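Consider the two complexes below, in which chain A is the common component and chain B and chain C are the respective partners.
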Partner chain A sequence: MKSILTLKKLPMNDIDDLFEDTKKTEKELRAFLKLLGSQLPGFAFRIITTDGKSYGDEGADMVIPAQHKDLIQTARNSSTMVRVPGDPSFSPGLLFIPELNVSLLLFPAGSVIAAEDLLTRAVRLSVELFQTLDNLQEERIHIQTKENQLNRQLRVLQQKNYQILEENQKQQSDYARRLKSEIKRQTAELRITNKELIKARQEAEAASQAKSDFLANMSHEIRTPLNGIIGMTEIALDSSVNANLKGLLSTILTEAESLLGLINDILDFSKIEAGKLELETLAFDLREVMDEFCEAMALSAQMKDLEFISYLPPECPSRLLGDPHRLKQILVNLAGNAVKFTSQGEIKITAELMEETPDRAVLRFIVSDTGIGIPEEKQAKVFEMFSQVDSSTTREYGGTGLGTTISKQLVELMDGKIGLESTTGEGTTFWFEIPFTKQTPIPSVRSISSPERLQALILDSNPTVRGVLASYFTALGVEAMSANALDQAVKILEEAHSRGEPFPLVLIADHYWQGDEKKLLLSALKTDQKKSPLLGLLSPKNRLVENGADIGLIWQQVYKPVTLKDLEKLIQKTAQKQLPQKAAIAPETSPAISPPQQPLQVLLAEDYPTNQKVALGHLTKAGFAVTVADNGAQAVEACRRRTFDLILMDIQMPVMDGYMATKAIRELEKTNGKKQTPIIALTAHAIKGYREHCLQKGMDDFITKPFKRDTLLAIINKWGSRPEHETDVPHSLEKHSREPEHRLQAELGTLQETGLVLPPLLPTSTETIDLKELNEIWDNDKEAIINAFSDFFGKSQSMLTDIQTAITTADTDKLDRCAHKFKGAMLYFAAPHATELAYQLEMMGKNKDLNSAGATFVALVRACEEFQICARKIQQDLGAGSEPNETQ
Partner chain B sequence: MKILIVDDELISRKAMEKIFIKFGECRIAESGASAEVEFQQALNENQVFQLVVLDISMEDKSGLDVLKSLRSMEAEKKLEQNKRAKIFMATGNREMQMVKSCVTAGCNDYILKPLKPEVVIKKLADIGIRPVGEG
Partner chain C sequence: MATAETFLSKFRTIKTLPHVALRLSKMISDDKCSMEEFEEIIKMDPTLVIRILRLVNSPYYALREKVKSISQALLFIGMNNLRNMVALEAVKAIFRNTHETEGFSRSNLWLHCAAVSICGQMVSERIFGKNGEDAFLCGILHDVGMIVEDQVAPEIFSRIVRDYQSSYGSFVQYENDVIGTDHCKIGYLLAQDWKLSLEIQDGIKRHHTYTEAITPSSMAGIIQIAEYLVARLNMTAFPSMKYSLSDSIKEHIRETIEEYRVLSNDLPQEIARAKELYEIDSDLKEAAHE
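For the complex of A and B:
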């Protein structure tokens, strides 16, 4: 039993079940009998259960007598086999089997007799075997069940797994779907946001544009009264005798002028910001520009006792195409800063040739000072908007901080670059590089007719000054020696004298020209009475070398910075030895206003009262007889009554504007057979192309308001004096006869040099703009037409300039393309005449034949002019007639 | 439909944009070079232009050169024939010689300058392109 229990390893209730089973099932008992039969083949068996039933071999049944019931009980109480009484050779044994709760009858088969205990053991073993088998069976069933259970569990789990997977998949696809729609939604949102952003940006740009425009307009509006203040102050200064008052007035003047400077800066800045600043392409002489600029700038540096040096290498190409005014503006900005931030030392303006091809030259301009410098961490910010090094700088040195920003923008507009190097406390060097187109070269002969080779001596303590002068001298074919100290100079002079070759030209910085030093120098210079040199005393503009007249030497004050031209003049003087007896040339105090013999008759047509007063003040003060007209009509009327020597004509006037008035006056002159009176336009803005415009309108010259006294008087001097004075006028503009065509041709500059003759202007086309066609092209959209015209007005001048440049530089490819472009615009404006001319120019470019390009260009300019008038009229007509319900 | 308008002259651009905006989304290129950039970018993003209107001469490049480079971009991308852009040359009436070269170089047609809405609508209808909103 024990072993069975351990074998089964079943829980207790299972054992109980087993007993229950053994009691009941006949099937099991029969199985047990079968087992016994196979284990003990010599016997027959019969089982008697407690409830009296018996199973087993048939023969055995008969031998159980009823009286043997007691015997069964005996067997039950005994653990051993009980013999059934009877034939001992055939007596069956009775054995109780507690495991099955039955009694077993054993019949020996045949004559087999076995020992009882042996038999008992065999039976018991069989029982044990049976039970073990049974248990095994049980266990197998149990295991089977378990297996089934496990299988079921597995299936369930598998199913669960499938479900989960399915769920997962579903979730995933759900998620993907959601993600997709989310992306879709967000994309849509983004698109909307983008649209909004674009709209916002456009609005912001429009607002910024509006602000820039406003700023530009305001600045302009501010300038007009400010001009009045400056003008009136100048007049007051001139007429005041009270020294106190003069002091006050000149302060007002200085303040007003610096205010004007600021406003100009702001105006420029806002123009650049609004993309409205257009550069001109003019033929100019760089050396002249540099000299002019340095002359203006030097004084402010020299007032602070700074050395001011300018140097343009003699070999540097000087006849260039570009915008000289803007170039000057950059130089003024940078040099102005240099002067402002330097208290001792020198300001140096130089140019270097970086690159040169036959038609281009890249120049680097360098403005260096020995001022306070810019800390390294602030250097990057210098070109940013509205930044001075710090706000305290603004307090100490003033200014808007716009100068460098504007300079950078201008340089970039010119396709150049700008930069700076600086060490705090040592100084700053600004540089910028600009590529220029060179003018078509004309053979230039720089003829310095020095019969013998000249020698010159330079005495100056500043090495840069010596270097610049030496370089210029070399270029002019003069052998120059330099001395950096007095004794050295004296020694050189004496040696030259002893060689018998005294210097014919000696330049000495004026600070050596006093006291003992002066005496030493004088004696060295005067050793040879017959061959005394020409002495040039180098001085700042603000210092007059006074004690010279008595020295018995021919001398001249030479202002610093010394230019190549100054030296040329000195050399000529030296070479010709035609030195005037009284050589001291005093600096002029103010521009020479030669008072006319008979007062010049000037007509002033100007409607703005302050401008009127200012001009009137300046003119009468200068001794001119002035007649004032408040508008164009009055001006024409005045001309009808009498003749003037000169007319100053404002452009924008009420009743009749300056152009109309000029036209009327010119017609008047023609009818009366009178010669043309010079008419000077007074314009409010120096817009690009304005000059050409004025010239085409029959005017002779123009000045920009606000005009200063000096500019006003200078231009009157130029035109008021008779035309015979033309010879020494340097610029081309004034030289030409007053026929508009000729002037235009003059404007073409180099074209004229190629010997072009203008054909008569083409007859005005019958129809400048074909309205029907125009409407067809623009689908009757009035607004679009008006806008397109305005767009074109903004572009036309630069397009024409491009064509002109192409012609003057003989760039046929460029002409082809620029003319094509122009033609494109004209086509869309249905302007057949202008289209035709542009087409002709395009073909000339294609065929590389520029023979009549100049003439055609002039015709195109005129056609364009006509076009603009016509277009403006159409604009007005459309603008006036556009009712909301009419459009569409 | 995506349309690329190429002209270096402002007024022409405005006039053409006004016409073609009725046909779809117009991109404007102000030079030959920028037209090429724009076109290549569209190709790269698989958002090709269906229609290109190309001025026959520009300051930086001729229309013919631009046309050639657009076609070679399409070829390089191995774009199927029916997906390639219709390229119209905008030309003056005296530039026919040039137009011939353009036709050889693969332009689809030319339109005389100044382009007029009526003419353009007709021309495009011929190749089955109609203003947006008219089917």
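For the complex of A and C:
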């Protein structure tokens, strides 16, 4: 590259170089003259420029004569002074000054004569001085100029700076403005997003709500037909004589009940999850709740030969406010698990009073077992959803593991806490604590006013049982002694006798009541003929103590777990017995439902056929006369015609619902001055406040569907006291005789009357499948038969569904095809009834006449069910070991 | 003007300003262009950003802090200066030496333009006390017409340059005689094309107009003065190029000769200080890299 720093000045040819114009001005020359004057006084000076101009002192002497003009050139070439010829004493000197490009004439003024060279030197020095001064001046101007330029540039820079500042400010304000609008925009966007989010949340909530609702509704919907299954199965169980079938039916019942339990669990769970489970606050008696629960629970434990003990300390406040149903549910869940996981030993349900204030009580419930236990590392997971100790447990013991989860949720809903302690192989103890509010009017303390102090003896090998009984006796003011072995008991009895104070009440565990032990005890008890005690035989519910009514003692079977109330009754009885009386009374039977002498008149208003059938089955079997109404209007009409002892009223019915019907019936009663008939609502809604609602609507009580026989009969027992005036003799077909031999007949009659098509539910023989023909068809190949059945079981449902679809879509060709296929299968299995029905359907398809296809299809489904039951039995008989157990 | 148009239209088909520079040239003409937009456009070309930052950080601006971003550069040297840097960088590209002929080289022309722009800014600010940024831009672009000529008709142009002698009269007259137009007209049209300010357009159009009375402080005046001063440093467009001055400007210089002495004294130093602005070397290396 060509460096620009090595600059050479080139002559400017085309224009004058403006910068080279260095000619001295007159002004400058005059300034030089002035300087000479001051430096060399006594001399006169005149400057002659190259272009002939001259400046300086005037005078005749100051002119170069014309003839000497060449002197100027001479001087120019000489460095010394040149004398101008003339008067030698006065002749001026001429000196060229190259620095200024001028010639200088100098002339001595007056008589001063100076040496020429000295003078020259002086002039040269003056020139130097002048030049220095001139340069200084020039430099000063230069500096001044530069200063001016730099000042101008500075001002420009300042302006630029302002401009930049202005720009920056503008940018800043722009930025601020944009920021503001951006914020505004984003805020708006955010607002929209928020709105959308809220909407999305609402939608999600709605969806979740819909799901919960769906789950709840589904569970509920499933319960209704399930109830039908349970009900019908119960009826079938009662009606069936075939032991084999009974076994099958019991399995169905058990399975259906566990399915119901599971659905109930799911329903509860979904309610809790959705936060929809509302706890009730009811006044209840804890002791009653515990007793009821134990009564229900004990049997399952006792079936497994487990000791079932419940203990609520007598001093424990029992009249509380809370949700007894949910409390019971927790207890059932935990106790159910205890029973499930325990194969020997005992199940113990106790309550403890943890804290008490005048209006509150915190109770701890403890459910302990001697079962398999829970490994420590799994204990924390017990309350998690769907967890059992391990998946193999699920297989071995069944269940979903929802029970503990629900229990925990329920306890927490009740502001309580729950926990467990367990040792593998030794057992598990679940506990939970719940704070209750006590009922305000503190009830009178339970006290038994026995006329005289009673003594009681307890003989039981289980120390817990003895302890519980002793504690109850003490609370009841009875002095109790206990013995843990036979000889000890005998000894105590003998001692008491010898003291002359025999025990008026003796409780003996039933396992002592056999063989020699029984004899020993009997003799010890009967030592005193006049004063023999009241004997209570303690036994599980499922064991009947021998029916020896002639043991010569007044005795009574007392079911375990023994409650405070049981003992109370015993004491009362003992006290009565103390009075003189006859011997030997019959043992008191368990408080079964005893039908009244005259059949109770019940009106059943229910539209759902299965419910109708179930209720009808239960009621007629229990000996009640039942009138069926399909809707509210029919119910009112029935009431107008006659009087009932009790009305079971469904709420949701076509034509006229339960509320309206109740209202109408109440008005009717008022008009006729009749006594109010108890009306029991049958409701599908087990929700809080429903009872109040029903009561408000003029009903007396309600039961929740699906109802079980016991529930139904219990409520009828509660309300259905036989009115004294009513003596109607049953005469209508709607009424059902209570005679057992007519029961089924009557039932069927009613069912037919109500227009229901009900083919015989169960085959009375194995005619469903012609075994002989079957064997002929299959040439006695057992394995082939078994496999063919299994194969068919796998396909039957879809085959039936195909037929159903064909009917519902009125696709006659399809019906023809499918029914034909089904018929073929049935032919091969030698099932004449099912074959016939399938053939009928096939013909309907061929004839394109579906008028009675629905009914035939229902019949076919029934027939197919029968067929399957029969087939399974045949499979079993043929020795299909791998088939799942059909009976327990 | 017709011939100039022809040249220009041919030029357009061959050589266009880089995309970014084109956008920027529009932005430059648009007063309402915000700093923000300006910055955005520069940022579109990362190479440009690097070059601009290098210029801004060069001794020419003598900033105390190192500028690291375009927005910072805007803050320190202002929008007009930055615009000049962008234009400089954009134009520099078309001055890149494609061929060297006897008597003419684009890189020499570029040095001349750079020197004129620096000198023009000095004259504007130091003599007339007014913002010299437009003068700088006009200086950069005043001879762009020659590039067009060289691009469109390289042989003719190199012949003109080789054959021209001051005895033929002015170079512009000679251009007109030979090719029917001159670099001032072509440059003027291009400036119109780029929508440069009217003042800059006029500066380009009349920078060789010596016969009219030109106001010394006008853009054409300033460019004439700057070319005259730069020529004294032997930085002509090409070696045989001769410059003159309008009489009005000669008069002005004579009257304020001291001013021009001072300025002329400082000029070499200023040019040296702005080395980074007109150095093409590094750019060529960069181009080789690309």
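Keep in mind that, in the parts below, the second predicted complex is superposed on the first by the 447 of 888 C-alpha atoms of A that agree within 3 Å, B and C clash if a C-alpha of one lies under 4 Å from a C-alpha of the other, contacts with A are read in each partner's own complex, and residues count from 1 in each chain.
Everything that follows uses one rule, which is that a contact is a pair of C-beta atoms (placed from the backbone, for glycine too) under 8 Å apart; a residue touches a chain by one contact, two chains touch by 3 or more.
If you're wondering where the values come from, they're calculated on a predicted model, not measured in any experiment.
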item	value
Which superposed partner A:Phe829 touches (first chain B, second chain C, both, neither)	first
Residue contacts on chain A - larger count, chain B or chain C	C
Touching partner for A:Arg152 - first (chain B), second (chain C), both, neither	second
First, second, both or neither for A:Asn168, with chain B first and chain C second	second
Contacts of A:Ala681 with chain B and chain C, given as first, second, both or neither	neither
Chain B versus chain C as contact partner of A:Ile141, first or second or both or neither	second
Which of chain B and chain C A:Lys160 touches, first, second, both or neither	second
Overlapping contact positions on chain A, where the chain C interface meets the chain B interface	none
Chain B partner contacts - residues on chain A that touch it in the complex	773, 776-779, 781, 784, 787-788, 791-792, 795, 814, 816-818, 820-825, 827-830, 839
Chain B - residues contacting chain A, complex	7-12, 14-15, 18-19, 55, 57-59, 92, 94, 113-118
Footprint of chain A on chain C - complex, ascending	34-36, 74-81, 107-108, 111, 115, 124-133, 166, 231-235, 242-245, 250, 253-254, 257-264, 266, 268, 271-272, 281
Chain A to chain C touching residues, read off their complex	1-2, 4-5, 7-10, 12-15, 18-19, 21, 141-142, 145-146, 148-150, 152-153, 155-157, 159-160, 163-164, 167-168, 170-171, 174-175
